[in-house]
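Two complexes are shown next, each including chain A; its partner changes from chain B in the first to chain C in the second.
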Partner chain A sequence: MLNTLNAIFAKHRHQPGALLPILHDIQHELGYVPDLAVPEIAKELNLSRAEVHGVLTYYHHFRQSPPGKHVVHVCCAEACQANGSEALANHAATRLLSGDIKMEPVYCLGLCSIGPAIQIDELKLHARVTPEKFDKLMQELEVRS
Partner chain B sequence: MNDLDYGTPAVVADRKVTLNIDGVAVTVPAGTSVMRAAVQAGVMIPKLCATDSLEPFGSCRLCLVEIEGRRGYPSSCTTPAEAGMKVRTQSSKLADLRRNVMELYISDHPLDCLTCAANGNCELQTMAGEVGLREVRYGMAGANHFTNVKKDESNPYFTYDPAKCIVCNRCVRACEEQQGTFALTISGRGFESRVTAGQNNSFMESDCVSCGACVNACPTATLIEKTVIAKGQAEHEMITTCAYCGVGCGFKAEMQGSEVVRMVPWKDGQANEGHACVKGRFAWGYATHPDRITKPMIREKISDPWREVSWEEAFTYAAGEFRRIQEKYGKNAIGALVSSRCTNEEDYLVQKLVRAAFGNNNVDTCARVCHSPTGYGLKQTLGESAGTQTFKSIEKSNVILVIGANPSEGHPVFASRLKRRVREGAKLIVIDPRNIDIVNAPHVKANYHLKLKPGTNVAVLTSLAHVIVSEGLLAESFIAERCEDQAFKDWREFVARTENSPEAMEAQSGVPAGEVRAAARLYATGGNAAIYYGLGVTEHSQGSTAVIAIANLAMATGNVGREGVGVNPLRGQNNVQGSCDMGSFPHELPGYRHVSDTTTRELFENAWNVKIQSEPGLRIPNMLEAALDGSFLGLYCQGEDPAQSDPDTQHVQEALTAMEFVVVQDLFLNETAKYAHVFLPGASFLEKDGTFTNAERRISRVRKVMPPLAGKADWEATMGLANALGYAMHYDHPSQIMDEIAQLTPTFAGVNYEKLDRLGSLQWPCNDDTPEGTPIMHVDNFVRGKGRFLITQYVPTSEKVTRKFPLLLTTGRVLSQYNVGAQTRRTENVQFYDEDILEIHPHDAEERGIVEGNWVGIQSRAGDTVLRATVTTRVQPGVVYTTFHFPESGANVITTDNSDWATNCPEYKVTAVELVRVDQPSEWQMRNEREDKEQHRLLAAVGLV
Partner chain C sequence: MSITIFVPGDAAALALGADEVAVAISTAAAKHKLDIEIVRNGSRGLFWLEPLVEVITEQGRIAYGPVTVADVPSLFSANITRGGKHSLRLGDIETLSYLAKQKRVTMSRVGVIDPASLSDYRKHGGGKGLELAQSMTSAEIVRLVTDSGLRGRGGAAFPTGIKWKTVLDTTADQKYIVCNADEGDSGTFSDRMVMEGDPYCLIEGMAIAGLAVGANKGYIYVRSEYPHAIAALNAALDSAGDWLGDFQIEVRKAAGAYVCGEETALLESIEGKRGIVRSKPPLPAISGLFGQPTVINNVISLASVPDILAQGAANYRDLGVGRSRGTLPFQLAGNIKYGGLVEVPFGLTLRELLYDFGGGSRSGRPLRAVQVGGPLGAYLPESQFDTMLDYEAFAAIGAVLGHGGIVAFDDTVDMAKQARYAMKFCAIESCGKCTPCRIGSTRGVEVIDRIRAGAHEQIPLLRDLCETMTYGSMCAMGSMTPYPVLSALNHFQEDFQ
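Entry: the complex of A and B
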């Protein structure tokens, strides 16, 4: 982990306000921001552990534990809610109770006119997702892995 | 009991604005908040997240006001007052808004006011009353933060109960703005927002340093002292002064009868301005610790059991023994040690007793072993044996140079000021062998850290001067106008020599020349530059030379005589400045006047009605030597523990054993008391009236909040001893002693208790010219007239590394323990630090097969001891470090009897040592343990153990 961190730190060394870019890079590399990374980030940026922790926990995007093998973000923002995302999220939560696909809420994926929207593994967006369509997508995902 | 809270900090501005608040016209400095202006107009606006020790935050939405011509309801804490503004703080709309806000707060708050520790002193409760909250429509059934919440009780002094938290952020901001530790944060967002220590740690696991600023800032019982939980709210308070370090913080002792409930930093205390550290704030429980000895005791031999006696019997016995020794061995065979922990009045009395009743000048003080080189060096160059500034002066500094001091541990409240100034943009130069906290702490980073080898201060300081001279950075006109010409020319010629260049010194000091040059340029050209230094400067064979070198740098760059600059010794003990001022050195009468000066001597002779010797008496090390020679055989030792604190312990122990009669006056049976024949019980700072003088020359009142446990304050005991010796002393109150001091000492002429009570504190010189004291010294002229540059030739210490002793040991303190630890070891502070640890660099550890937690034997030319090791890069290769808080560590068994050439201040900071892994304590430690048990047995005879 230390090597990864040092490489990321080196990349951002002279950048003002480097905390968020560093947190993004760490999550990108490791899938989450481990507790042990926090004191290192603090030392690098001349901050305290508490300050880094405060920022890390403020943004729902940042994870503090390893993610599932796959992560499905279900949009729970207003437009998707109006199109039934609450029911979809409930369905998704039940459907994904076991297994290594994790569901996480997200607030707006930018597909407000064609909700409810989901995003799989921060890669592929899917619009107008019904519970049926969701199950089909999950099945494909499970087969692939 | 709470002070008036203005809600936002005071603003200093030349421009004033006048506004109208609820029909009252009020004029305030531009930039003042509407909230503060309102308080000034006598209008209290409801608030929760605002308090005048913190910058406005605007989160609680309770302080909303209406401003004519403006839309909406701005928060008064974040709105600056403007000329002509018309503000309404009460209307039915505002009342509705405030009630609604309060209703939301209370809907998520446990309603247990009657059994809550903050009951009667809770801002939430008060505000709910002020806004007239009558019902909570939302019920308490929904999601909340107060059911099934775990209280954090990890800190020994306060608890964190998240159930009561309203997330006003005051604690987080206090930790950041006031203390500068940044140990707290708000984790999560929205409803999940919670105050969190570290990374969701307990307070003890976090970076918290237990300064108590968060507890002070908390408007509810979320963060509250355990003593308040145990005892309840206080019913009266007394203003007094902390008895730990030389910062001299003002405190309010909050009392129930004669019992302290809590110590709260005093907002109007000019040294600390409402801030505190873990020692002053919380570690006062030693005052009523069961180890306190409260009856005078005597014994004929140190191997005899102690016997409790009356005060009168103790005085008579002591006086008889002192006179017997004088008759047998001569007048000069006895002497006394003055305490830097006692009050000015008490220190004055002890030296008066020596000079008037003993009839000699054999009086010395523990300042001998800490800041005596400061007294000498600053007197020789600037003309006065004291620091030049106020602590507040640092707010005007652009460059701060810290050498041989670790303020975060030793002077924490000053460290907070320093860190704040660095966060505001001041540049920082640190000269220290170790990576101390301020080298790299949250939001504080030294621009230059000159990591020198122990013992090379003078090399580095002189090479800084070399750069200033050779690169044309001198303050020519300041020097021409204010300093002695010939002395300056001699000095300039000396420092300009190639041998004093950073390049030439690099081999000695280990500091890269480029860094020295850069630091010198910054110090000389960076604006207002201030130097702060501590025992890492003075406790060397060239301690006085280093102090002189510091004064030279300040004069050479014109950094003396105004705010933001100066030469500032960070004095170790609460009254070390005062004990020196009071004439406790063998060569000086009060006010630093030499005993050989006939006029001064006559002044005191007439006042005291005795003849005073014109020759200086013995210094501590001379007393010890003379004891071994058989010419010094009686000692009165008040509030000092040389058997633990002085270097070369075995030598000290031998000397004490050789004395025929030793009187120890202390709170506890300390190490020196093992060699005593009479024990006089001392009184803590809570048990007496008097004054302490801090590192800023600030004289502050100490007030008696409880009766002395032993029936007498220390000044009363000294008086009793003097009277038994046949020298009449009579004072009804310490104020009369201060009046005598003022009458005999020009720098104190204007000091009296009435004025101290009125003004809070006074910085000497205080006399007819400066009736309210002197915050900044040497403003137009140096005290000695012209400033005097002196040559500072670097002479390496004789304590050198060899093949047999290849490492250098240096020593220091930690935040939670204080000096010999007699007090802090008897508090819960042991939870933070409970043994002296040896720091060793990984490289040196590996070479010797030492790993974390190993016991290591440390051997020097003077002796050996055993400590537990920690492997850390805080120290550089070749250097090891430890503290000296625990007597069983025997840190001073290893230190040598090398000392400063001018003042005999011991060279604690450099000892050549070798380390080996061991599995049992040293011989000295085993003997010490046996002796400890034996002394406890002797104490058991009086049923005290």
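Entry: the complex of A and C
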């Protein structure tokens, strides 16, 4: 892990306000930001551990424990609500109760005319997702992993 | 000569399968031994037709949509590359009434050009504004933007030229241009469409702002939910060469906090801190990013600037009504049949947008409530649909236009539940700096829960709480959450019984 951190630190050494870019890179590499990284980041940026911890926990995007094999973000904001996202989110929560796909709410993906919208592994988008379509997508994910 | 086929790379098109369609098209073309070039353009913003495929033919750009992978073989049998007849053929894209009825100014190139190509951008009129700006003094640029009547499109509608003048008039060794691309409002996606479909337009707007105030460094703060927009911006910047002279832009990825769309919280976040709202004064224009004078503007505000320079202030100012000059790219979202991007001059009515463009609800049921301006915007009942789309007309009925997001709900909506959601959202997203917002929103959820359970005598308490939040909060997160709550309570009382 230290090697990974050091490579990331080197990349951002001359960037003003580098904490968020560093946290993003760590999460991108490791899937989350481990506790052990916090004192290292603090040392690198000449901050206190409490400051780094404060930032890490403030932002919804950063994770402090490993995610499941896959993360599915289900949009729970108003425009998707108007198209039945609540039923979808409830369905998804039950469907994913066991297994290593994790569901997280997200507040808007910018697909508000074609909701309910979901995002898989922070990249792949799907629109007009019905519970049936959701199950199909999850099956495909499970087969692939 | 190869035939150009456009398959949008816009996130909404991708969500509907555009990548898979692009692959199917190139496979089919190979099979038919056709020499084609696929351009991944932005979206025209007619989302019920996505993936919307266009082909350049002698009769214009012929559109087909919505295209699925399964349609591709029959499209090639029907000679799609020559604009052949097919049940999905929509005709010349420019003649579709949804587009023909609009006045695309800021979004004129989105969906038209190849967003990854600076030369295509220039071929379509891009770059002229910056060229002109390079021959003007800072004061002249600022005056021109002021004269255009452009007001900030991020929500607060503050005159852009006046903001720029403050930064110009403040002396400092280092100044910054910050683009607010946090686009957190549900029901909005115009920033995203510009970043993905015409990134050079935003970049040019920032470079012009830099010349206007004497700044050589810019940041674009993009929400983490928009990976495609981030990639498009970085790709555009990587191939910009020396086009921007010594003006440098860095893309910063946000981290999922709605309140970081508030300008001072955003600056804190770029500085690497918790996104907590700063108290004002000082204004960011005087002491902003890293304590330096900073222009902070929304994507659409900045992307409107190149055209204003190139076409002149009067051209822009002549559009619109009252003190709302120019155009606003409205976004029709939620339960709406023809959802999409509608850029029109201010002055239409909400009803015209909802029905003439939107075609009513997607579900086929009557529209009952429409939230305009994001999660901090009011819910409007049918009786207010004739309100004119104008900042002042909306203010007069206790509503806001905000960033132009319009979210439609049909008659199955439970407005007490929507009011609860507004409070809940505030509780989740509050930065925690002031009590009325931090604690008030949590109390608000509890009070609404009790009202919904039958304790109607608590309604005055909810009103009291809203008043405290309105007058006691430091920023619009806390002070405007009462807009959706009270509008739901006032216009849809029956849902609270």
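By definition in this document, the second predicted complex is superposed on the first by the 145 of 145 C-alpha atoms of A that agree within 3 Å, B and C clash if a C-alpha of one lies under 4 Å from a C-alpha of the other, contacts with A are read in each partner's own complex, and residues count from 1 in each chain.
We adopt the following convention: a residue touches a chain if its C-beta (ideal position, glycine included) is under 8 Å from a C-beta of that chain, and two chains touch if they have at least 3 such contacts.
Nothing here was measured: the structure is a model prediction, and the numbers come from that model.
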item: Superposed model, chain A: greater residue contact from chain B or chain C; value: C
item: First, second, both or neither for A:M103, with chain B first and chain C second; value: neither
item: Partner chain(s) touched by A:A79 [first = chain B, second = chain C, both, neither]; value: second
item: Partner chain(s) touched by A:V38 [first = chain B, second = chain C, both, neither]; value: first
item: First, second, both or neither for A:V71, with chain B first and chain C second; value: neither
item: Which superposed partner A:N46 touches (first chain B, second chain C, both, neither); value: first
item: Chain B versus chain C as contact partner of A:Y58, first or second or both or neither; value: both
item: Contact residues common to both interfaces of chain A (with chain B and with chain C); value: 54, 58-60
item: Complex contact set, residues of chain A against chain B; value: 35, 38, 42-43, 46-54, 57-60
item: Chain A partner contacts - residues on chain B that touch it in the complex; value: 181-189, 196-200, 206-207, 440, 442-445
item: Footprint of chain A on chain C - complex, ascending; value: 11-12, 14-16, 47-48, 50, 183-189, 192, 224-227, 252-258, 269-275, 290, 331-336, 339-340, 362, 371, 375, 405, 407-410, 413, 418, 421, 425, 429
item: Chain A residues touching chain C - in the complex, by the definition given at the top; value: 16-21, 23-24, 45, 54-55, 58-62, 73, 77-83, 106-115, 117, 119, 122-123, 125-128
